[in-house]
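Consider the two complexes below, in which subunit A is the common component and subunit B and subunit C are the respective partners.
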Partner chain A sequence: MFVLSFLARRLAQGAIIITLVSLLIFTLLRVVPGDPVRLMVGGMAPDSLVEQIANRMGLRDPILVQFGRYAGQVVRGDLGHSFVRPANGAATGGANFDDATRAERAPVAALIGEALPMTLQLAALALAFALAFSSLVGIAAGLRPGGLADRFAFAVSSIFISLPNFWLAIVLALLFSVKLGWLPAVGYGGFSYTILPAIVLAVELSPVLIRTLSGAVAAQMGEAYVAVGRIRGLTETRIVGAHVLRNAAVPLLNLLGVQFSSLLGGVIIVEYILDYPGLGLLTINAVLQRDFPLIQGIAIVTSAIFVVINILVDLAATIIDPRLAY
Partner chain B sequence: MDMPPVLSVRDLSVDLAGPVAGRRILDAIAFDVAPREIVGVVGATGAGKTVLAKALVNGLEPPLTARGTVRFRGQDILNLAPRAMRPLRREIAYVGANPMGALDPTLPVGHQIAEKMRAVNPAVAAAEARRRVVALLDAVRIPSAARRFHDYPSQFSGGMMQRALLVDAMISDPALLVADNVTQPLDVTVAAQVIRLMRELTERFQTAILFVSSSLPVAREAASRTLVIDSGRLVEEQPTEALIARPRHAYTRDLVAQIPTIWTRSPALPRTGEPARDRSESSPVIRLEDVSQTYRVRERGTFAGTSALRAVRNVTFDIHKGDSFAVVGESGCGKSTLMRLLSRLERPSGGRILCDGQDIAPLSGPALLGFRRKLQLVLQDPFNSLPPRTGIGAMLEAPLRTHGWRDAGRIRERVRAVMNDVGLSPALYDALPVGLSAGQRQRINVARAMVLEPEILLMDETLSSLDQTEQFRLLALFEKLQRAHGLTYIFISHDLAMVRKACNRIAVMYLGEVVELADNERLFFDPGHPYTKALLSAMPTLEERRYRPEECLLDGEPPSPIDLPAGCAFRSRCPRAFAPCAAEGPHLVTRGAGALAACHRVTAPGARPVNADAAG
Partner chain C sequence: MDRRRFLQRFGTIAACAQINPDFLIASAFAQSARPLVFLSAENITGNWDPTAHTTLSQKNIEGFVMGFLTRTPMTLDDPGKVVYELATDIKLLDPHRLQITLRDGVAFHDGKPFKAEDVKATFEYGAQPDRPAQWYPGPTDTLTITTPDDRTVIVDTTKGGYPAHLFVFLASFLPIMSAKDVAEGPGGVLAKRLNGTGPFRFVEQRGNTTVLKAHEGYFKGKPAIPGIDFTFTADSTTRMLSLMNGQASIVERLEPEQVETVKGNPKIAVSRIVSVENKYLWFRCSKPPFNDVRLRLAACHAIDRSVILDVLGSAGHASSNFVSPVKFGYVDLKNYPAYDPDKAQALLAEAGFPKGKGLPPLEYITSVGFYPKTKEYGEIITAMLNEQGFPVTLTVLEPAAWNERLYHRPGGGPGHMIDCGWSTGSPEPDLVLRTHFHASSHRITGLEDPEVDASLDKERNAPTLEARKTILQTETMPLLAAKAPALSLFTSAMIHAMQADLKGLFIYPDGSIDAARTA
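Up next, the complex of A and B:
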């Protein structure tokens, strides 16, 4: 019962958030300079043709009217069609604005549907790397503040947080694929292509996770129940394993919900540099081509993912610590 | 003591290893505890009692180092390695002063007790451990123990948690239980229940108890023999009654003399500004008319449901100039909400609060500032209520600046005057509050309130964090200030002994309601409400009891202010409850001479329900 009411409340809030995000993106796209019709038809096309196409596509209507029309489609599950990308793959150029293949533009849902699993795979692997590494370093550091592991954690975090991800991506690609030939780096041709970008993203995520985890573990070790637990006769393994880590997981979980946004941001750069065919690469190209429907679709999907992740994180935190239920 | 002692301590010293020089916390302590004996350990805050308790259970943490011997059944356990100590945890149990922090907050209480049982005795199966925990929870009278087994620590009240921790300690049938100040965080009525329970448990489980307490009267309730510790040294050891009757050491004599008396000596009654009989004619400085405060709390398991938490219900009373008015009651009775209402940190959801005839709820801007100048607040916690990096002089200047003082010279002069008033050395003007004692800090708090020359001081548990000696000095200071400045005091407190000494008029609250309102003498010697009587009976003193706790209070705890029972809120714990109590809640009824009580059993001649005007 609690879970149902929690989900109902949070999903309702999430729907509002997604609507506001898409309205914002929708409006911004239409007020910033750069006419998608001009890009579609090319620089040589007469202005009258631009206006004609724009009118036919409804781009000269008031923004709210356009948004209403768009929202109506989205609710029915139709994210629209890309302005630029044809269904068969090759990008349409400006020269062939009257090309017969124009009608065959790719549906946005299909484009996202291709790219999203790739990015989710990358994000999951990056998260797994980051969590595995941060847990090892962070818990060891938290158990003995000021000790060797703590100093090591501090050094590693300082270095990792200072490395720009675009630089790291290039250096790792040079090292592992060009020099050593261990891992493929550019493009995608199987699971092994995910490893290198995942490492880059994990390096970016780790410092904050390590810091939070070691802080939380150290704070929990200072709690009264730890000292009392020893006197009550619990073993140290049991105190740390069953109680301290459980309590320390709550701040970590909350952080993961927030860090997910930085992961999506990091994905854009890393995917672009390593030419990984995920959501990030799709986003960059869509922005460069003023592909309104695609940008809007990506915005809706990413904000929905964000909302869902945060609901799951809060739900998990509530299950661990029932005091968080309200 | 023909049996060999279960615990034998010899020459126990504990040092605090410091960066410069070590400090000795305990010095050459030696005593024995016989099987099934309850031994009390009393001493002032900082005397080393908690360190002693920890040392006895092999629980000292690194900066503390111990020497000497602590023999448990002949085996020295003082510096035993954790692994070697673990089998002995079954025999030596410990309960501390902080019940709410003692268990992992994210796991159910029952599961953690079962976990402990299996940790000290791996032979017990999980199902068997669970069955024993439920049986023992039931034995310490936790209602519906089988369901409570799965509740989380945050769902237990302090008293229930302390009882659950007693279960945790007793689950393995230990030979020795070290109880460190277990009743300190509890309300008096609940503390009395816990002590009664511990006495029962020693008989049932044949456990010896070392009962550490900062209060001699509390130790007397439990212990047959008492040790007195002063600054880390054991200064006296006698059977408890003999210790109280004929203390030998000078420190013990002081300790016994400082325990406030309730019944035997009539206290120096505070000095009301006007004679008491004029009270009904003079207009009150503070008047509460049917004041209520209701909070909305989200209801778990519903979509958007909220329920009403009725923290203060229909409170009506007057406070007159020169009064020392006390609001007493146990945790959760609405005292603190009432404080927030009186100081206008919150506005009441019903009724009115008048200050000099003016409703304080709509005040804003300069008018509110004027009210704040008139009524100042002195807080409970002397450590968290002072900014740690602000000079004391600057702290005391701040209220003046807020209230429009601009001339630096005059501000300085006023601050010096008030520091002198409360007994703070002028040398502290530029000092930081670090390193000051609780008493000194509380003086700063009083000075910060007094600097504006208020007419009313609202003391929210101001003295409860101070030890007996400091309390005594501050009360003397309050009396002096009251005489010099014609102040009116409102004490919000759970400490009846302090109230007996310092206040002339007392309101007793239970679950948000004022159940009794009377002058000091009448309230203590002729209480009209059974709850007042229960409070008085549970109060630990060194004198002969006036009221027997067994007759005054049933087991159990106050109901939740969210689901108030119909009828009288106290009836679930009231030994005198009868049919009408379930039907209708009683109203305050006058018992003559300005004494009122809300109880169906009160049938004073000419009893009549009072309205707002007659109360006071």
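Up next, the complex of A and C:
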């Protein structure tokens, strides 16, 4: 019963958040410089033609009217069609709007549907790398606060958090791909192409995870139940593995939900630098081409993912620690 | 060991056995027997119809797939050289009639034999006034094309009044389509895929990659390269990384610094050629203040182009004309505006703006991210103009926003000056001169000058190529230098880097590649 009411409440909140994010993106797109109709009709078209087409497409209506029309489509499951990208998948530029022979425009949902699994694969691998590394370093640091492992964790976190991801992507590509030849770096031709960008993103994620984990483990190790466990003869492995880590996992889990947003931000840069065909690269191209429907679709899908992840994280946290249920 | 621990350890060992460490490195080393991977700096359109776009990267793809009547290597020492491909002979019967003799035994990739009807269909379709890529000297109704037999085409331009020799250079630039495809018209099969007689056949568009395979039935023999993956990769650092790790075979539009980086690398070869592309500072000639020729010339005399070339390094080549030195008719113009601050001041004063006093604020628009060093030399030009009293501010935009502001519109278009290059893969100078400076076109400058129009018409209508060259060099080009609707800053050098085993690959001055070496 709790789960149902929890989900109902959080999903309702999530719907409001997604609507507000969509409205914000929708408004921003229409006030920044760069008229998409000018790009569609070609630079030489007279302003009168631009206005005529913009009016026909409803792009000169008040923003709220446009948003209402768009939201109605989205509710019916239609994210619209790209302004510029054709259905055959080619990148576009230079085609004339009044060219009757141009190929059919691609549905936004299909474009996102192709790119999203790539990004989810990358994000999952990055999280796995980050969690594995952070667990090793963070738990060791938390078990001996002030010790060698703790100082190492602090140094590693400080270095990692100072590395810009675009720089790290280039340097790691030069090292692992150009110099050592261990990993492919650019584009996508199989799972191995995910490893290098995932490492870059994991480096970005790790510092916060390490600090949270080491802090949480250190705090739990000072709790009375740890001393009681030792008196009862439980092994250190059992105390840490079965009790300390379980309790220390709650702040980590909450943090993962928040970190996911920074991961989506990091994905944009890393995918662009390494030409990884996910949602980040699609976003950059859509922005450069002023492809309004595609940008809006991506914003809705990413904010929905963000909301769902956070709901799941909160739900998992309440299962781990029932005191968090409300 | 209890049962749970045994199962946990067994599971771990079993899982490790499933991981194949080769997957980490296999892809990076899978170079042999792979297709040639070309990373392009420019995206393509969503329409494969060759008459529907003017996009350079897509023209390069057409260079692999489509057949041309001739090819023109356009070298500095012989700009007018013609190599016959689908044609075996082109000759003028009289000033208005051109006879083209076609090669026998050639077929399109879909199996249709190549005949005179295909050339006729291509010319008649491409010259239609509604086709977006307007490369023809006149619309379809000014042409009469006859095919006395399957191997002969006669182009008659009597109705248009312009000479037939204009098709000589165009023949190397117009991809020949199948009459069967053309019959479906706009919106038909032409828009969906390429079908040509070239060394590679179009297979599919996979995301940003155009996949081409060697054509077994190519009339010169199957190419040694098994296929080409032509991929749009926007970032130049990414393209370079991909070349250095062996994933890419060839990359284009290197920055001068990148040339320095790879110069000592024995695995990589660099090709630098003087291209068909000039870079220009275009004036908005249809609105004040640059509707006054004296102010245009004053601005030209304020700019020291040698400093710009220093900034560009290997990416630039000095030239003093409105077309590239590899184009037909190029000559270093004696009256081309040179850096002369005194002359600039004299012209400013003569126009009523001594030392620039009274001039309105002027906007100079440029792009960043596509052409090399535009922002850097844009800042230099802005400083030089300000030094002479032009109150210029520089606006630097990413390519989409810049492209939106590029062309002339009624009233003059955005800004007062704008930076842009112009590249057409043919020696034909009118693809630049007429396109930009004839009043019928407007394009970027919006120039409307009857004297320039008359001179452009005169050179176009010259009865022979030799007579045309004389008019171009002694009348039309000097007139344009005196009117300065634009200042051609330099000719771009096309810099490609490639895996060393591809060294010797012929790259045309428009960036298209001859990858047809046979097995």
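Quick notes
Convention: the second predicted complex is superposed on the first by the 316 of 326 C-alpha atoms of A that agree within 3 Å, B and C clash if a C-alpha of one lies under 4 Å from a C-alpha of the other, contacts with A are read in each partner's own complex, and residues count from 1 in each chain.
Keep this in mind: a residue touches a chain if its C-beta (ideal position, glycine included) is under 8 Å from a C-beta of that chain, and two chains touch if they have at least 3 such contacts.
This one's a predicted model, so the numbers in the text were calculated from it and none came from an experiment.
Aligning the two structures on subunit A places subunit B and subunit C side by side, free of any clash.
When the two complexes are overlaid on their common chain A, residue A:Val178 makes contact with subunit C while staying clear of subunit B. After superposing the two complexes on chain A, the angle subtended at the C-alpha centre of subunit A by the centres of subunit B and subunit C comes to 160 degrees, rounded to the nearest 10.
When the two complexes are overlaid on their common chain A, residue A:Val65 makes contact with neither subunit B nor subunit C. Contact with subunit B, but none with subunit C, is seen for A:Phe2 once the two complexes are overlaid on the shared chain.
Shared-chain residue A:Asn247: touches subunit B; no touch with subunit C.
Of the two partner chains placed around the shared chain by superposition, subunit B is the only one that A:Glu223 touches, whereas subunit C remains out of contact.
In the superposition on chain A, contact of A:Pro322 is made with subunit B only, not with subunit C. With both complexes placed on chain A, subunit A has more residues touched by C than by the other of subunit B and subunit C. Contact with subunit B, but none with subunit C, is seen for A:Leu234 once the two complexes are overlaid on the shared chain.
In the superposition on chain A, A:Val186 makes contact with subunit C only, while subunit B stays out of contact range. After superposing both complexes on chain A, the closest C-alpha pair between subunit B and subunit C lies 13 Å apart.
Only residues 1-2, 5, 8-9, 223-225, 227-236, 238, 242-243, 246-247, 250, 320-323, 325-326 of subunit A touch subunit B when the two sit together in their complex. Partner subunit A is touched in their complex by these residues of subunit C: 23-29, 42-47, 49, 52-55, 58, 132, 186-188, 190-192, 205-208, 210, 231-235, 237-238, 241-242, 244-248, 398-401, 403-410, 442-443. Within the complex, the subunit A residues that touch subunit C are 33-35, 38-39, 42-47, 84-86, 88-96, 99-103, 105, 114, 170, 173-174, 177-178, 181-187, 189-193, 195, 272-275, 277, 284-285, 288-290. Subunit B meets subunit A in the complex at residues 54, 57-59, 61, 82, 86, 89-90, 93-94, 96, 98, 101-107, 115-116, 119-120, 152, 154, 168, 298, 300-304.
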